[in-house]
Amino acid sequence: MKKVCLIIGAGAGIGGSVGAKFAANGYHAALCRRSDADGLQHLVDGIESNGGSASGHLLNAVEAGAIEKLVEEVEQIGQIEVVLFNLGAQIGNRSLEGTALKTFELGWQMACMGLFRLAKAVIPAMEARGKGTILVTSATAAVRGNAGQHSHAAAMGGRRMLCQSLNAEYASKGIHVAHIIVDGAVDAPDTLGKMLGAEMFEKLRETRGKEHDGLLLPTEMAETYFHIAHQHRSAWTHELDLRAYSDLAWWNHAP
Amino acid sequence: MKKVCLIIGAGAGIGGSVGAKFAANGYHAALCRRSDADGLQHLVDGIESNGGSASGHLLNAVEAGAIEKLVEEVEQIGQIEVVLFNLGAQIGNRSLEGTALKTFELGWQMACMGLFRLAKAVIPAMEARGKGTILVTSATAAVRGNAGQHSHAAAMGGRRMLCQSLNAEYASKGIHVAHIIVDGAVDAPDTLGKMLGAEMFEKLRETRGKEHDGLLLPTEMAETYFHIAHQHRSAWTHELDLRAYSDLAWWNHAP
Amino acid sequence: MKKVCLIIGAGAGIGGSVGAKFAANGYHAALCRRSDADGLQHLVDGIESNGGSASGHLLNAVEAGAIEKLVEEVEQIGQIEVVLFNLGAQIGNRSLEGTALKTFELGWQMACMGLFRLAKAVIPAMEARGKGTILVTSATAAVRGNAGQHSHAAAMGGRRMLCQSLNAEYASKGIHVAHIIVDGAVDAPDTLGKMLGAEMFEKLRETRGKEHDGLLLPTEMAETYFHIAHQHRSAWTHELDLRAYSDLAWWNHAP
Amino acid sequence: MKKVCLIIGAGAGIGGSVGAKFAANGYHAALCRRSDADGLQHLVDGIESNGGSASGHLLNAVEAGAIEKLVEEVEQIGQIEVVLFNLGAQIGNRSLEGTALKTFELGWQMACMGLFRLAKAVIPAMEARGKGTILVTSATAAVRGNAGQHSHAAAMGGRRMLCQSLNAEYASKGIHVAHIIVDGAVDAPDTLGKMLGAEMFEKLRETRGKEHDGLLLPTEMAETYFHIAHQHRSAWTHELDLRAYSDLAWWNHAP
């Protein structure tokens, strides 16, 4: 039975690329997303055509019991050694007035409560085995709030503190929690692409992406995700940032 | 009609002391707490016997519409110029396993969603008047997670990012948002006292409190809350910490 | 004999205003600056004409022994209860190539070594008396580096960590160290005015300052400096920020 | 001609291990340290016996012109593609009184000015070539001051802000600056070993190190250093932490 890398939030971006990277290195990649069974199958097929092992799972992460049930199912495929929590809650800029209570709550259900539920579901087995890795994709909003980011920042900021709490409680039991701050636009058709619309996304790709590597490339990010998951336990990273070389860090401004 | 200072979370601690300080300086103090009508009346009586103006309001902050209704009522008493969000979500140390989904959600409903709802309720009038102050009592858990603090840290970390988002959107419209990190034990019978139990609380008061000022004294904290709320708009503070002189800051350890 | 507030870096800005505020509240203000004896005398005269007590001292802070000698002299006037370290090292934006080793060293000698020397000079007497306050004016550069800020950021970043070290070692001995992050342009002719030149400074005052309070006003900042210095020891602030309401915080960008 | 990895501060610890890792992957490792020519030769021999290329250079980093001259010499061997600045300034805990001005200055000369000089020396060629990597080993003291750490924290805090300044100015020109926070004790005889003394160091190794991986192992850390230096420019890390799984992060305390 193969060791499993479980990806919560696997589209054609970070999630899919991390899945492919782990699958190329002997893991079974269990890929989960909310909808688009075709897109999901496409990712699975891509991995299998490269000789890897993968499975696709539709998952509504905010449904009661759904994450818990998924974890049980996937443990049947093999031991979950690595899990990537890759759900975001970015909804673009919304004024306070324009942010409904329901929206604010849903963002938190997905981005913060979702990780809490996942942690409760995967950690007991990891603790029993004395090892496991929980990778969490994060965003700039986890370290600073901004106008129009009420929902996103509140969800991601809570998630960051949750990661530190999990790390404090479980690192010494062999469970590696890593909080990866993605500080920039990712070349991901399933998230950024959908947010911007096809035309604007293609334009951004042409101007900032193509020759200039000005968008974060998911396949390259996956190299770092994989590295972090395989650090020796004497030298673990809990938090790191990732951005394109041509981008300013969030704490810098154009002059 | 008096200007109003609205206190969400007014017990015999920070909330009550801040209310008394503002009332002593010409504000009507609208004091809210979930239960203990007698304790609430006692705070109101105390203020009135000193010649101040106050009212008591029982409030279940997580009930749908409750905060919104309260704000409407209190605006009938006078313009809400200052609001203190003083609800916490500290439940003592709980392991991940020992933290139920319901507990985690309730902590967030109180500490994070509660502030979001309050902001949505009070800001429109403040924006129309071109001024207003939102003080938020925060805790060390807002800046670092810890073992057993999953619920508390996630709620407070989200709240801190929400404060930054509110500040980014509303400071230039004259609304002052301040995030006050209370980094230590407060000499407050209604919170710390209840968490520790009467006996242990008295003992702590004797050993660290009394002569040594080793517990944060709410009446002294209220001086800083009042100062922050009255800073000239050319020099506003968004974040500050408060701790007893004899305490180590959260980033320091005993040698 | 009066208690003394010693100001290292007293021009027509933060230093002068803080001196005036303390003098108006019963302190002797010992004002120090490097040059411009006339400007210094003008500040002293202003305080005295308001019935306050003040003295002016020319000080080359990077000269060996100068700070130490000054502290000795001023202790003859009265006990130094509060000291404000108000020297900056902002030299405008300089590329790495354009920043000479001498410049980098001088910035550090002023902004970081200067505080270390001051602390060594004033703390023994404060420790013996069981109380004292060290206020440190800081800048955004203490919390994030930026292009062209090599010298400034390195000096201020070191200074911030030094403040934390001093606080960790001396808070419990009654010495209050406060690190005040000034995150924006100050309406100060002697610093910003000289850096921008008279014409541009006046223009900035007209556009951002005057009606809009878009520059930090030193007299208003002084209110907060004074408040921090008089917090009860059960509730001390170690770090806080100050900015004009209309300014974005350093962690926010214009959309 | 080989590409070069230049190591400033190469003992039997991080520096030596990073040198060996890069040498095993096709780089010439130029190893520098202040003294102990034998130890240096031993590192070079070790690399060469594994088929790698290395050279040893004695360097007094605080001597005027020494770093600059070294960079010139090493560029004769091959293009410096990666440089690791690995000098520390940890001198153990010293009270403020026990920290001489000379000590404070020397710490800064080594840990902060040294990096500034190195950056000025290596960056022009890197900029001309459109690429280069500057790795900086850092410590907990860069992010929080502590009692007895006046010199160390001030030097490391300044260095961190300098790294951010360099990154802001040069990332978009292809120069990758990474600030690696080593948050724990490293299994390094040349630094920790000398600070603790042989006996205590061996004891620590037995109790926390050996079976438990409770000390950071330099050979494992080198894996991450190497990974960071080889990230694709679309996904660079500027800051990350490293600690042993069994250690608490600096922001956590034992309960």
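Should a chain be cited, it is by its letter among A, B, C and D, assigned in written order, with residues numbered from 1 in that chain.
Heads up, the rule we're going with is that a contact is a pair of C-beta atoms (placed from the backbone, for glycine too) under 8 Å apart; a residue touches a chain by one contact, two chains touch by 3 or more.
Owing to the predicted nature of the structure, the values given are computational and were not obtained by experimental measurement.
S.K.: Give the chains in contact with both chain A and chain B, ordered by label.
M.R.: Shared contacts of chain A and chain B: C, D.
S.K.: Please identify the chain with the largest separation between its CA centroid and the CA centroid of chain B.
M.R.: D
S.K.: Could you state the distance in Å from the CA-based centre of chain C to that of chain D?
M.R.: 34
S.K.: Give, as an integer number of Å, the spacing between the C-alpha centres of chain D and chain B.
M.R.: 44
S.K.: At least two partner chains per residue is the criterion; list those residues in chain C.
M.R.: In chain C, the residues touching two or more other chains are 144, 146-148, 164, 167-168, 251-252.
S.K.: Okay, in this complex, where on chain D does chain A touch?
M.R.: These residues of chain D touch chain A: 164, 167-168, 171-172, 174, 176, 187, 213-217, 220-221, 223-224, 227, 231-249, 251-252.
S.K.: Can you tell me which positions in chain B touch chain D when the two form their complex?
M.R.: 93, 143-144, 146-148, 250-253, 255
S.K.: Which chain C residues qualify as touching chain D in the complex?
M.R.: Those residues of chain C that touch chain D are 95-97, 101, 104-105, 108, 112-113, 116-117, 119-120, 123-124, 141-142, 144-150, 153-170.
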